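Should a chain be cited, it is by its letter among A, B, C and D, assigned in written order, with residues numbered from 1 in that chain.
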Amino acid sequence: MRNKMPEVRDQKSAMGSPDLSVEFAGIKLKNPVLTASGTFGYGEEYAEFVDLNKLGGVIVKGISLKPLSGNPPPRIWETPSGMLNAIGLENPGVDVFLRNKLPFLRQFDTKVIVNIFGYTVEEYAALAERLDDAEGIAGLEVNISCPNVKAGGMVFGTDPATTHELLTAVRSRTKLPIFAKLSPNVTDVTAFARVARDAGCDGLSLINTLLGMAIDVRTGRPRLANCTGGLSGPAIRPVAVRMVWQTAKCVPLPIIGMGGIVTAEDALEFIIAGASAVAVGTANFLNPRATLDVLSGIEEFLALRGVKRLDDLKGTVNTT
Amino acid sequence: MGLNRQHAAEIISHSFIGRGYYRLVLRAPDAARSALPGQFVMLRVSQYLDPFLARPLGIYSIPSKSSIEIVYRVAGRGTSLLTQMEPGSSLAMLGPLGRGFPAVEPGATPVLVAGGSGFPPLHFFASRLRRGGLSTPLFIGARDRAGLPPQPVLASFRKYGAKISMATEDGSAGVKCMVTSILDDYLSKSGHAASSVLYACGPRAMLAVVSRVARDRSIRCFVSMEERMACGVGACMGCSVRSGTGGFKRICTEGPVFEAGELDWSS
Amino acid sequence: MRNKMPEVRDQKSAMGSPDLSVEFAGIKLKNPVLTASGTFGYGEEYAEFVDLNKLGGVIVKGISLKPLSGNPPPRIWETPSGMLNAIGLENPGVDVFLRNKLPFLRQFDTKVIVNIFGYTVEEYAALAERLDDAEGIAGLEVNISCPNVKAGGMVFGTDPATTHELLTAVRSRTKLPIFAKLSPNVTDVTAFARVARDAGCDGLSLINTLLGMAIDVRTGRPRLANCTGGLSGPAIRPVAVRMVWQTAKCVPLPIIGMGGIVTAEDALEFIIAGASAVAVGTANFLNPRATLDVLSGIEEFLALRGVKRLDDLKGTVNTT
Amino acid sequence: MGLNRQHAAEIISHSFIGRGYYRLVLRAPDAARSALPGQFVMLRVSQYLDPFLARPLGIYSIPSKSSIEIVYRVAGRGTSLLTQMEPGSSLAMLGPLGRGFPAVEPGATPVLVAGGSGFPPLHFFASRLRRGGLSTPLFIGARDRAGLPPQPVLASFRKYGAKISMATEDGSAGVKCMVTSILDDYLSKSGHAASSVLYACGPRAMLAVVSRVARDRSIRCFVSMEERMACGVGACMGCSVRSGTGGFKRICTEGPVFEAGELDWSS
């Protein structure tokens, strides 16, 4: 878009309609609003409420090489201003995804980023290769941080050496831009960001959920059958904004910021902290049109302040 | 769909109807037009972030072309916050959602079984049964008298031709036994067992027994399930129940009504 | 109390009034409800609302060797179901504490635990020594995890080697029971719990606040003058319960559990997860009598279920 | 204290009074008995956890022996949630809190200065001034007409003998200038400058200028400060402002009213 009609765009900006497009890792998004993996299904589930053409992109629910049936119920629990989930990455596997889910998404003028997950380095790498030449995929988000799968996921995301090995393997098997989705359950998220850069990642997604737990005091049992789960929603936003800020300061990779975004103002916090784009997650459950509300709010904010391009706002937090 | 399923539904009336239940009538023309018995809505009880998630509530009836009626029990923080909402204010609502009860096939005799607060979808279902003067058996079970549906609900079921039998565990109302016992007795005695089709909603333990009764008698049985929900539209995979064939099914989109045999009742 | 009138106590339990006393690290608390450091001042501030005699104990605001004036304002910011703070450990120093604050607390039949903080190992150790022979102190809580003080605090709490050095030094200079207050901003909280045990700590306090940040999108400035701050309140409770559970499972030290406790049910989650006692923090701000409400709720819960001693509930979470 | 400062304060009346302000009367006999002008209360606007913290609000008047009156501006989520609370319901309240304005010394001429929404404590203060027919000068500043106190507030100030002068930055009401200019003019002209004592409440920037005016003229000046608060009782150290002698002072307990010279106005 940017290259095709620069004049119109400039005119628009001059007229007060700001340029929301962002470009990073070789991907051009018409706007910075994406959907966070696992909170928007495969797009279909929300297509009735949201014109998917309007979104910057859709990050789909995590996909694995083979179908996974996930954790036993109960899988979710409400917490103050947030929720715990332990879905356990239930998904139909990459074959069904390519056959039944991706074609639906291809109909829309939006970028599709596929969130991938495996139990071994080889599973991740094979998955990346399998998706490499599929039509209509803009990039891969490598979930190295799911707190709900015991065998592997979490270890990858919290140990630098295995994280490096994993991301290098994925890198070697795909030409698609890859985003490492980092775990917030670490002492220093920037260390993992550096590992991702060293392994050749094109960008970062942060944050995934915080590891949490809730107990039914009447039964003495955890609220989730899986015992622990991932905490998401506005409750965790201050942690997410902090991690995006810390990472953006010291690692030169574009960041997709997420964690508790409900409103445009929330999203702008991430952009100002240094994110290039944002993903709306749990908020979709409260309001299926949350992405569009965030989008129009960002547009209004920029127009009101005469900011011509969203990018001009990126990382402008003034911490002096 | 064509129909809009995301609404700011205005509260038309809201009142206490006894035994811990409230009756809530919402203006929602699109939902009123399309809702089927067994479907539900997701209601946000606060515009703020605590309580956080929307609450799933069944549709109790369609009182007019432009409204839907919900009957809910105060169960926790969300439903107690809901009781404070006044007519005139609006609630964010999604729905109708999920798959409802299948239509009754010709020759089949519907038999309703409600446990605890499981009656709302059955009430809507009863209101749609066109049985030409025949009465639909309705079995209601509860722990005690206080756990039974409130009087206006019972009256309304009767209006729709339901013939109510009640059982309480402590015998404080109806027969002192599990509702599944009086159901089983009925099926033994009625002679209609072969043509009976069960429609049940209530606690999982009760549904497990109902589905066993149906299986033992080789009659069809539809159950309406409950599980915690986040999205209500099939995206979060939060509301899964074990499928009878391995794996899981999402209550919000593949249910809440299932044919009993589709599910795994072992755990 | 336990030793003085055993018959009365037994009778009471038999009559349904449960035994709430807990004993750990050589400290006998009449009940498990404490106040979290920094949220209850030095007791005085809340004495009008709470009969301090009724509390298991008071953990006072962090004390340093010299007075500290703290961070510039703004120091707090409200977040969804929580708050950020960057007080910066403003306190009058140990001398004023001993002269003006401790005597007030000594009037009450409650245990006083002093939260201590320093910029160097020697400061911590000197502080411990200074408090060692003060009358009316039941124990020290060593804050190795304050996210709001740049020089030291955080590094101590997130690096095992310096944590060990620090706690060993404190241990060598006091005979008082010492509790290491652990940071949740780490990959593996149990590793630090083990370090604390190895260094001779008598118990653990967890969790301190999560490091967070919020930005005023209109000005582009952080909401806190200090830029980042500590996230507390119900928003973080699932993280706190999880960390208490993880730690209780594998380190045999008594735990004071805290993080987002507002109600008795919240407190019971911590006990069932494995905490020996609990501390009520941010909730005091919402309701000055939160501690007493938690206490009476716990008592009621135990009575209702016929649990004779609170200890019978400790760590009973059923995760099978 | 003897008096209870933690209340479940019932809402007696609650109404919109113009220009974005609401008037809230709460039943709180202990607070009504003991409150001093300049003191404030902490009100919880929700029984749930979002919005989270209590909101500090000044006491506007004591309308009866058993009630206190608050006038607040809708500023954000908390105050907008507050507008929805109906008479009959109760709010968790702490107060009266903090130190109010000191009594006017014999011979002194009080001069009030209110900026933006800073008038409530000055209103309470004005109601307690016993000036035997003398009128108290009240200078009110705002960005524009819409930013002025609503009419009922102005009328009430007049009832208490205030002689109001207004300034707006855009000239849409009163004189077009900063309120500190008309204050300065008054002090130059009045001849009373020596006996004047300033009592000011408003945005920090305005208070800084007012305190400079007072210092330049060597007259006493009391300011009522605002900062975000968590506890309201001196425990959290969250509400600190820079002291004039280094270090910080807690607004909630050492203030909100300070003698201007106690504070550091440089930053």
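Basically, contacts are C-beta pairs under 8 Å (C-beta built on N, C-alpha and C of every residue); 3 or more make two chains touch, one makes a residue touch a chain.
Worth saying up front: this structure is predicted, and the values here are computed from it rather than measured.
When the partners of subunit C are compared with those of subunit D, the chains appearing in both lists are A, B.
As a whole-number value, the distance joining the C-alpha centres of subunit A and subunit D reads 46 Å. If you average the CA atoms of subunit B and of subunit D, the two centres end up 54 Å from each other. The mean-CA centres of subunit A and subunit B are about 36 angstrom from one another, to the nearest whole unit.
Among the residues of subunit D, those touching two or more other chains are numbered 49-51. Counting partner chains per residue, subunit C has residues 79-82, 233-234 touching two or more of them.
Taken chain by chain, the contacts link every pair, so each chain touches all the others.
The residues of subunit A lying in touch with subunit B in their complex are 38-41, 45-46, 48-49, 61, 69-70, 72-83, 85, 87, 90, 233-234, 262, 282, 284-289. Every residue of subunit C that touches subunit B in the complex is listed here, in rising order: 80-81, 234.
Contacts from subunit D toward subunit A in the complex involve residues 49-50. Those residues of subunit D that touch subunit B in the complex are listed here as 46, 48-51, 77, 81, 86. Those residues of subunit B lying in contact with subunit A across their complex are 1, 5-6, 44, 49-54, 92, 94, 227-242, 246-248, 253, 267.
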